[in-house]
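Same chain, two partners: subunit A is paired with subunit B first, then with subunit C.
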Partner chain A sequence: MVSKDQNSTTWSLDLFFKGGFKNITQEQIILLIAAVFFVFFAFAVKGFATFGNITIMMRNISVLGIFSIGMGTVVIAKGIDLSEVAVGAMSAAWVLQLATDGMNLGYAILLGVALALFLGGLNGYLIAFIEIPALFATLASGIYVFGFVRYFLLNNQENHFLPKADSAFLFVGQGKIIGIPTPIVIFAAVALLAHLFLRLTRHGRFFYAMGDNEDAARMTGISIRPMKIFQYSLCSLIGYLAALVMMGTTGSINVRIVSSTLIFDVVLVVVLGGISLIGGRGSVFSVIAGVLLVGIILNGMTLLHYTLPTQDLIKGIILLGAILLDTFLHPRDEETARQGDI
Partner chain B sequence: MKAFRGNPSIFSSARPEERRAGLEVKDLTLKFGGITALSKIDIAVSTGELVAVIGPNGAGKTSLLNCITGYYKPQEGQIFFNGDEVTGLSTHHLTRKGIGRTYQNIELFPGMTVLSNMLLARHVHCRYNVGKAALFMKSVQDEEVRHRRILEELIDFLEMQSLRNQLVGSLPYGMRKRVELGRALALEPKLLVLDEPFAGMTLEEKEDMVRFLMELNEAWNQTMILVEHDMSIVMSISKRVAVFDFGVKIAEGSPDFVQNHPQVIKAYLGDTSKIE
Partner chain C sequence: MTSQAKKLYLHLRWRWSIKKFLAELLEKRWMDAIIPFIVMVGVVLMFGLSVENYFSSESLAFTSRQFAETAFVALAMAITLISGGIDLSVGSMFALVNFLALFLTHIYKLPIAGVIAICLVAGITMGMFNGFLIGYMKTKAFLTTLVSMISIRALVRMLYLKHGTDIAMAGKIEPYESHVWDFLGEGFVFGIPSNVFVLMVIALVMHIFLTRSRHGWRVTAVGGGRRPARHVGIKVEKTVFFTYAVSGLLTAIGAIFYAARLHSAASETGVGLEILTLMAVVIGGVSISGGKGTPGRVLIGIIIVMVIMNALLRNGVGGALNAFIQGGILVIAIGFDVKWLKHLFEAIEKIYVVPTYMKIPKPPDPRPGSGSVFAFNSRLKDAESIGVDRVDGPEDVILDRNDCLYGCDRRGLIIRFSKDDFSKREIFANVGGRPLGMAFDAEDNLVVCVAGMGLYGVRPEGKVFKMTDETNRNWTRLRDDSRIRMADDCDIAADGKIYFSELTNRYEMDDWPIDAQEGRPNGRLICYDPVKGKTRTVVKDLVSPNGICISHDGHSVLIALTWLSKVIRYWIQGPKKGKVETVINTLPIYPDNINRASDGNYWLASVGLRTPAYDLAMEMTRFRIKMVKFVPRDEWLYPNVNWGCVLKFNEKGQVLDSLWDPKGIFVHVTSMREHKGYLYLGGLHANRIGRIRLDGANANWVGPEAYWGKK
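Entry: the complex of A and B
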């Protein structure tokens, strides 16, 4: 179960990289590029390489990181969840609505968990039992979740604020645990748990198996359909947690986040780090590598006063580059092509 | 027959009732829209038998296997396994009941090693929970060691010692077929369902595969049902052969009986009476 296999992608072009570079993995390449950018910004931007800025940077990428771990678990099993941000953010917004209406925040958060699990389970049901491709099912659910929750549960409001009485919750986003900002601690905890789950439990191995070859997984005795419902519920739950951290940071949720490019940043991080869209590859380290690179670049560009369109352009190019690297490292040969697309 | 490649404990220490595999297919009809793939098929396999299903392309052989392994849900008829009705059960349930399978177009995990591929099949038998596994506790370690030992015995049996840590995606076709058989065996199947186990193999690879299947069947009393196109192999290894044509079973009996059956000759060669 802890045997080493191609969970970390092996660089296949031996011709070009002999010796030490032979087994370099995608996450190692990404970490290397992140280090290069870090050194570049450290020299080019005043105030970049300070402890304060690095802490801010880490805190900012924590939410993205938590979202990406949720997405990563689904992509490893050859799915994708484009509704993760919608499910997470709308469930969190509902929590604020319930708290504003006078409910105890603790109960509201539990109800939020139930809503996120229900919506994630519904995604899984559509994908596993109705057999709608994950891409379309979650694209649609992202839209109907936004509409449904906003219209029926949120009184059609856009902005939702944490009631003054519950300001203790801000600890989740603004507090510190032994000097480390809470979001970073939560991100680290989620990453560790996800790592232990994927590496050491058989259910984690089943995720890889399903991503690698679904038919083989079925014949190996894995109950594919319930597992899919589990995967999408887990992803939604992690997305909800990320949204709670986001809510703790600002004390509010604007439901417009659902139609922002956040979900694409999440996909960017996942693919960039080496969790291949063809499934069965990558690990939590891929997410960490991806999120570090994206975090460093976004922070550096902001400090360099790049405008948002310029930042989007650069992000877009990086995403394209990541997908090119993915195609390059995992060529769609007869072996992978047979397994189809997501 | 004497077993001569190790002594896999999943076979040698299993009690006879654990290897019991009675399959009974009754009146099975499978339709895809207006096309009848299988029509009122009756076939039975008893413990220790090696039954072959043959027939021209499109005869419904693989469809039958897909019904037995839960991929297709037949419209009519029943399938019984060890006395229990299993018609329409999903694949993973059937796997747990003891039906293991290999595919015509190998279905393995190409991104994993041979060992990881086989280990996944063992994980169906695991009893520990997620929490214990995440902490990698002693009981989990012991269980993992036990499964690994069983796999090593199977690897010896299938002569794959040198392939253990190779990625399946990098293995030649014939070897992958062997790994697939290994994975099916790791499930401890009572009934082994083989879909064209010899397709695309070299002569040498076929000889190896025949050795494995013969030893499994004769020394370890492994019940098997196989679909195959290579007539020389089918006629030499199977005790009973069922012949399908256009979704209908046209003959069933010993290899000799089937070979001389007029309907079988007609199905394979066309109507020979007109030639004379």
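Entry: the complex of A and C
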């Protein structure tokens, strides 16, 4: 964060965040809130602080977390991918379809990778070369990806199940490595890799450069267009991985997940954690902080027997709060804002 | 015969150009809507003919009711897009208002007026909520309305769980009785379904609002660019807030009609409506980058989308394939929109300048020692300077009966110098624009041609008034040229009619040298009749008409054609009335203003010296086309406009005298006036007015006095 102007004496939110609590970041605040919620639910909600519930919660958090890391990388580069869940889930559903039709699961998963990369690359192409704003491009692609895969590649069922022969795959979702549930291990691995990539590699730094100022990034010689295709392909790939983990936990994929509010949970995690929609801000830690808070709240609400609409309403209000906070902390610069950047 | 044919061909090419037509076509604002319109006609014909009974009146009435409800929502979506935002919550708002309407009618049995009022207020309130966040809190429209979409939908589902069955039961046991309610759902106005009628009225109002009213322009301006809008003082926050409120209102209207027609409070009402309307609106030609679009285009888009969706439904295409087609159409429509906007202006820019063949006769030799009357001399060298740096670009100068000297100024001013030595400078009038040619009328009003504005008058006390800025349109041209773009010089006939020239109506003042590249007849002679207040184009298709002067006998108008190096005459009285004839066929210079001299002859100013190279270039069309295409604008070959000169010619067109200034202060002379034995000089880029003593001239001759008589 930018160091504050020492001469400034006006009391403002800016000062609060950057001056008064100089070393506190948004991630830490969110983590603190998550801890408060955890303690609160532990006392107030029956069955929250049990080992079984926490394991389930951690599994759910892992899936949501992997999705969010994919989204996070794109948002850092000032994009957004509203089709991430659609691409991931539909590719995973195709894997199950192929396996049911008798293909070796390994090959099927590789084909799924190819499909996810293709669809992600197409997103990138539309955004980089056709220059459609990312929001519109991925909003539309979420719809046509669902329609395309379901109509041309899948049978008419909503639910696609893992064949009995391939039940070894359930290890991905239900197994344990050194006593830790596999989804958590996978999430940790993805988070670590993403962190190393974003921090240490040249291309990872380019994500931040592009998010901060695309024009400047282009002028310094970064190939913006291929980078965008790379970013959206990467996001789709991570989304596909998340869908595979999800498939591993339940042994099935329901294509209805595409039209659920899961994608908004993902956006919520990213924005809440501190990866600003303005681009170039935040890190993998933001995703971890965000996903812990959102995961705890979702779990708590489910235990409180809130209906799905009620949960949606509460999530909507929290997301609105997060967007407002984000706008407040990283205000839109009216002088440099671009046309169509809505 | 072949030479005849070639002549005809060259003439046609000189007058008409496909490229020019194309450039002017692309400039048309309705061009944005023409492709959607063609698509609409195609789609309607294709599906209308392939699906049986598509156009039967029953089917049409049903379809059109459905169409109108969706169209209201599309208008809501459109107004937010036009203002540079988006409203994705329209589908959910639609569902909530629908639910509310049924709840109030079936459960509470409120009077219909109350129901409608509450529903509209509910819609506006939700819109205002969005508008407050996006306008005043400056959150991003897309995500904010996405959140409202989820939240309002969640609310609808919660309400449905609680009251859904009650409404369905109440509707069956004891239907809501109201004529108005039934009318909204099933009635007709003049044979048109009620909601279609209301839609047409609202679309018309919205069209007038957006294209003709100040507030509508503000909405479009904010959408076109927030920063410039804010810089010109538009309250961006308020405007944005307003558009979302309107969006909520329009959605609510659609939902009320929907509720009245179907009486169905399903929780999934309006799901996907935002995608459908977004698709329709973008297909219709409302840009996602804002600032472009009209209700007409929205209706075109919604017709296309509804026809396609209906056809898919009738052919049993549902679910997944439908989603694939919808998503695909959406992406293609947006992609087309983005590319269209990006390349349109580039394309116009590229093909706008269209040079053509132009041959000018060889000029008389102006070199010293050539023996011609044009031979260079340095007689203007001794000109005195008046008001150095106190007047900026006096394209024209004029003197009144009281010996005051007036010069037009680049900053939109008329500067007056008075006292014997012109030491007193004052701003006589601020007309704005770029004042050029001037003339005094019989009442001593100063008539001024103002580039970019038209013909203006200044009363002796300095009050500015508009005379005209519009003439009759040339219907053989695609571009509406009724607006006067670059009025250049004027003179007044004895009967008070003002004749003035428009140098070009294809370029702005700053680009006047580019007009020279074209060599096309882009100018015209216009006549304004102050008595009738009418303006008519009297001679059209002139190549760069510049100086205008009524002849001494008042029977004709002399017109200097700058790029043709020619002076022509237009008869306004006498046996040849209405005819055009050549006075001077060719000159070694580019002529500018013409004014009367005291001895019955005429003064002619020269803006520059013709060069063999440029004359040749004018004959080499292909060379100029390539130059315009491949070379940047400031590297083009331009006519030489920095060689000042004044000529004197007589009624027959014989040049009698020439005054040159090869190295002088006046890089080019654009105007000169004789007054009491002196000749006053003005230049388009000069920083002063010049004056030179004329030997043997009438020392008492005053222009306005000689023309209008003593007062």
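Keep this in mind: the second predicted complex is superposed on the first by the 311 of 342 C-alpha atoms of A that agree within 3 Å, B and C clash if a C-alpha of one lies under 4 Å from a C-alpha of the other, contacts with A are read in each partner's own complex, and residues count from 1 in each chain.
In this text, contacts are C-beta pairs under 8 Å (C-beta built on N, C-alpha and C of every residue); 3 or more make two chains touch, one makes a residue touch a chain.
Remember, it's a predicted structure, so these values are computed and weren't measured experimentally.
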| item | value |
| --- | --- |
| First (subunit B), second (subunit C), both or neither touched by A:T307 | second |
| Partner with the higher number of touched subunit A residues, subunit C or subunit B | C |
| Partner chain in contact with A:A49 - subunit B first, subunit C second, else both or neither | neither |
| First, second, both or neither for A:A114, with subunit B first and subunit C second | neither |
| First (subunit B), second (subunit C), both or neither touched by A:A168 | neither |
| Partner chain(s) touched by A:S141 [first = subunit B, second = subunit C, both, neither] | second |
| Touching partner for A:I130 - first (subunit B), second (subunit C), both, neither | second |
| Overlap of the subunit B and subunit C footprints on subunit A, listed as residue numbers | 335 |
| Partner subunit A, residues of subunit B touching it in the complex | 69, 90-92, 95-96, 100-101, 103, 105, 107-113, 115-117, 119-121, 123-124, 126, 130, 133-136, 144, 165, 167, 169, 183-184, 187 |
| Subunit B contact footprint on subunit A (complex, rising order) | 1-7, 193, 196-197, 200-203, 205-206, 208-209, 212-213, 215-225, 280-281, 335-336, 338 |
| Touching residues (chain side subunit A, partner subunit C) in the complex | 126, 130-133, 135-137, 139-148, 150-152, 261, 264, 267, 277, 307-313, 315-317, 319-320, 323-324, 327, 331-332, 334-335, 337, 339-342 |
| Of subunit C, residues touching subunit A in the complex | 84-86, 133, 137-144, 146-148, 150-151, 153-155, 157-158, 161, 225-227, 230, 275, 288-290, 319-328, 330-331, 334-335, 338-339, 342 |
